[in-house]
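In what follows, chain A forms one complex with chain B and a second complex with chain C.
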Partner chain A sequence: MRLLTHNMLSSNIKGVINGFPLGIVVEKVIEKPVEMNPDFLKNMFAKIEWKALVDASRSMGYTELPEQADSSMLDSVDFLQRFHHALLELHLEEGALVCPETGRKFPVNKGIPNMLLHEDEV
Partner chain B sequence: MKLKQLEGLLGNLQQFSNPKVELEQYPTGPHIASRMLYTAENSFGDVGDRVVADFGCGCGTLGIAAALLGAEHVVGVDVDSQSLEIASANAEELEVELNLVQCDLGNLDFRGQIVDTVIMNPPFGTRKKGVDMEFLRVALAVASQAVYSLHKTSTREHVKRAALRDFNASSAEVLCELRYDVPHLYKFHKKKEVDIAVDLWRFVPRGA
Partner chain C sequence: MAPKNWEYSWGPNCHDLENTGDLSTILRKSCPSNSDRHHRSLRLSAPGFWVLHFAKRNHFPFRPVPLLPSSAAAAVATAAGTHRPAPAQLTSKWRSDRGKGKKEGRIGERDVVPVRVLPPVAGLPETGGILVKGIYELWGEGDSYEELEDVIKNYPDERKLPYLTSESTFRITVDSFGKVISFQEQNERIQSLTYIPFKGRVNLRNPEHKFWLMETDDYGANNGLPPVVKKRIFFGREVGSADRKLLPTYQLKSRTYLGPTAMDAEMAFLMANQAMVKPGKLVYDPFVGTGSILIAAAHFGAMTMGADIDIRVVRDGRGPDCNVWSNFKQYGLPMPIGLLRADNNLPPWRPGLKEVFDAIICDPPYGVRAGGRKSGGRKLLKGVVGPYTVPDDKRTDHIPSTAAYSLVECVHDLLDIAAKMLILNGRLVFFYPVLREDESAENHFPEHPCFILVSASEQILSSRYSRVLLTMVKRGPYTKEIEEAARLKHLEFKENHLKWMEDGNLHSAVFSPGESVCVVEGDTKVSKETKPKYRGKYV
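Up next is the complex of A and B:
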């Protein structure tokens, strides 16, 4: 699972008010290189939650993203490369996603998060 | 990539090994899947460089087709873990990246306007009434550009009304009518249901 997917997911357990962003428990991270698409990154920058991406990438062991970012940084190739790497090349392969309010863990196996809710959570 | 080439690649994908009746697990065939994605890309530019979600992705045919046509990020969502494992193996086989999430679509809530296009072959709602409309509701809430979906031709008026009136679509258009082979998987299928008429729809969410 890429961190772009992480940036879209939240915990929908009944009663949870702010289920975003999900925490990350890491057992295994893998990296899969892909070609960088600067226009795509510029477009995504406006849509994602930067802080959630920074925190998620740190939990995954990648510390090269600046704490704060603004759109003027998109002119820097160096910045784009880091953003690209964090957003699209890091994958959570084994571990869990954690509901920020209840601490409930959603397991991630073979890269697939299991977001199914139990009966009493719907 | 040419249409024939896409159809050929999709034809080699592994399909449901143990289809679950109650989830309406029948494969979106390579003929339909290739035309659906080819149209989305070549007539509307809704796939290349986009974020695409495949709802009820099953073994991943539609999502993989999107990745083959140049989608930048593809997420497949299904409730069933066995199908997701097959989807994952299929993606690996064709060397494309497919992010998969196990979730009941009724509880799905993708944040932000990150997904551009939803492509899907939802259950037709023959086992669980209304599930097709539930998929459409969620798809139109999530997509920021377009939704492509297959629905039984017999439900055309209903689909149109629901999309425009209840799910906030600004347009709902049938692109073509197709024949869908529902294989003889299920004993309850009467013979006449083996090949059914389905519409390929394109919906545009309001604000796109």
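Up next is the complex of A and C:
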């Protein structure tokens, strides 16, 4: 699971009000190189919750993202590369996503987060 | 009856073209007026007619429409539609054939459709219109070889001679529809063209100019397809041809990981065409399965994301080298940027996330071929009161039960998610099932205030039902009012789900949802408008 996906997900358990961002329990992180597409990054930047991305990348062991970011930084190749790496190249292969409100763990196996709810959470 | 559907395909399409770029505007202006079609002889001798050679007979209703996505292609389709309304008419005729045993014919002629377009579209097939096998500058057409000769002789020299010079190389190919022409007959036909002053050398392998002699014949009914009424011969110069090679490459039989409802490769490409998939776009399939639709999207350069409720499909596949990822690897395509297990009925997207996808393409599970499933809904044992609870010690490896997912609810969820998650002008492309027996009932397709329907193309699956590929464009923002109306609807579905499922079998829930579903009167005007209408009934 890439952090782009993480940035889009929340816990949707019945009754949970603040299900975002999901905490990350890391068992195995892998890096897969992806060709950089600046237009795609610029496009996605506006949709990203920056703080959640920074925190998530830190819990995955990547600390190169600046605390704050604004769209003017997209002109910097250096920034784009870091953003690209954090967003698309870091993978949570094994681990879990944790609901910030209830502590419920959504398992991540073979890179696929299992966001399906149990019967009593629907 | 039937044409109702096709007004959808053609009327709004033209409207849709307003925004597709300059070329289509130029082309539309260049289209002759309607009265032109009465002057057939004038048409035949006028320069600048082009022939589109469509690739496959069994995709009739799809043909003009999948041309639309690129602006150049769109323009051709408009040109075909306005200049010679044949495609629309023939489609209607063809539709009226079905089910009633009528044989009105003529349709076979659509294998070769002369249209008037300008030269810039020569590159059309490369833009993704995979149903077009080739485009040819029409030098002449006729009912007989004598007539063909007259027309070609009258075709202006300045349009012919540049391609007949002594330095050039050329090839003539004879193509026939509906019958086999022997090698000897082909040669005779080519020899008969001596009235065209070819001066160049013949080069069969790699000629500069490729000429085509195409013949359709009256061969009666053919493999259950409507007959071609009369013989027609076309001669033209090839100006573009499609990369049909990608279809054998992607055909399902050579794909490693397949599910029972994997989308046929050609159809998946058509769907991606319809969604205007381009490099750098983000495409989402909420019912990803083995990834067959996203593979087509990835081929056209898109970033892809998929979700499925069945974790065995998305995560495990049939082993390390036989899963969704390996399917992308097999074709050297970039992997999806995200795959997850999620329920389309309760999507786990964070609140506030919207307008992220450029296109949503899917084949929802309607319970026709594969039954749709959603979370929850385990039936309580008789006498048990209170919600179903999972014991704490069993939570970790618990496999949640799923409930059947009815067509109306599935479509409601899909439209709601698409309305929220698509960018403005983003496209939703999906299949929708219709019963074929129900000739009297007009088919109403799902509607949503954020979307306009730009095309509906039917694919017949059996004598009983067919499916329609719907293409919708998001034209309005996803407002708070729409969101609230959708939320109420969602709750209504949830509350009544068990009752509806018990009331009748799944099939009737799929095909006649109007009976068992009651309407909760919306208190706002918007919720009234958003009430989806299916097959003419409010649900």
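Please note the rule applied: the second predicted complex is superposed on the first by the 122 of 122 C-alpha atoms of A that agree within 3 Å, B and C clash if a C-alpha of one lies under 4 Å from a C-alpha of the other, contacts with A are read in each partner's own complex, and residues count from 1 in each chain.
As a convention for this text, contacts are C-beta pairs under 8 Å (C-beta built on N, C-alpha and C of every residue); 3 or more make two chains touch, one makes a residue touch a chain.
Everything quoted here is computed from the prediction, not taken from an experiment.
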| item | value |
| --- | --- |
| Overlay on chain A: chain C relative to chain B, clash or fit | clash |
| First, second, both or neither for A:120, with chain B first and chain C second | second |
| First, second, both or neither for A:30, with chain B first and chain C second | neither |
| Partner chain(s) touched by A:77 [first = chain B, second = chain C, both, neither] | neither |
| Which partner reaches more residues of chain A (counting touched residues only), chain B or chain C | C |
| First, second, both or neither for A:39, with chain B first and chain C second | both |
| Among 277-285, 385-393, 493-501 or 511-519 on chain C, the segment whose C-alpha atoms clash with chain B after superposition | 277-285 |
| Common interface residues of chain A - those touching chain B in one complex and chain C in the other | 1-2, 4-5, 7-10, 12, 20, 32, 34, 37, 39-40, 44, 47, 49, 88, 110-117, 122 |
| Sites on chain A touched by chain B in the complex | 1-2, 4-5, 7-10, 12, 20, 32, 34, 37, 39-40, 44, 47-49, 88, 110-117, 122 |
| Partner chain A, residues of chain B touching it in the complex | 49, 51, 72-73, 75, 79, 81, 84-85, 88, 97, 99-104, 107-115 |
| Chain A-facing residues of chain C, complex | 279-280, 282, 303, 305, 309, 311, 314-316, 334-335, 337-343, 346-351, 353, 355-356, 375-378, 387-390, 395, 398, 400-401 |
| Touch list for chain A against partner chain C, complex | 1-2, 4-5, 7-12, 19-21, 32, 34-35, 37, 39-40, 43-44, 47, 49, 88, 109-120, 122 |
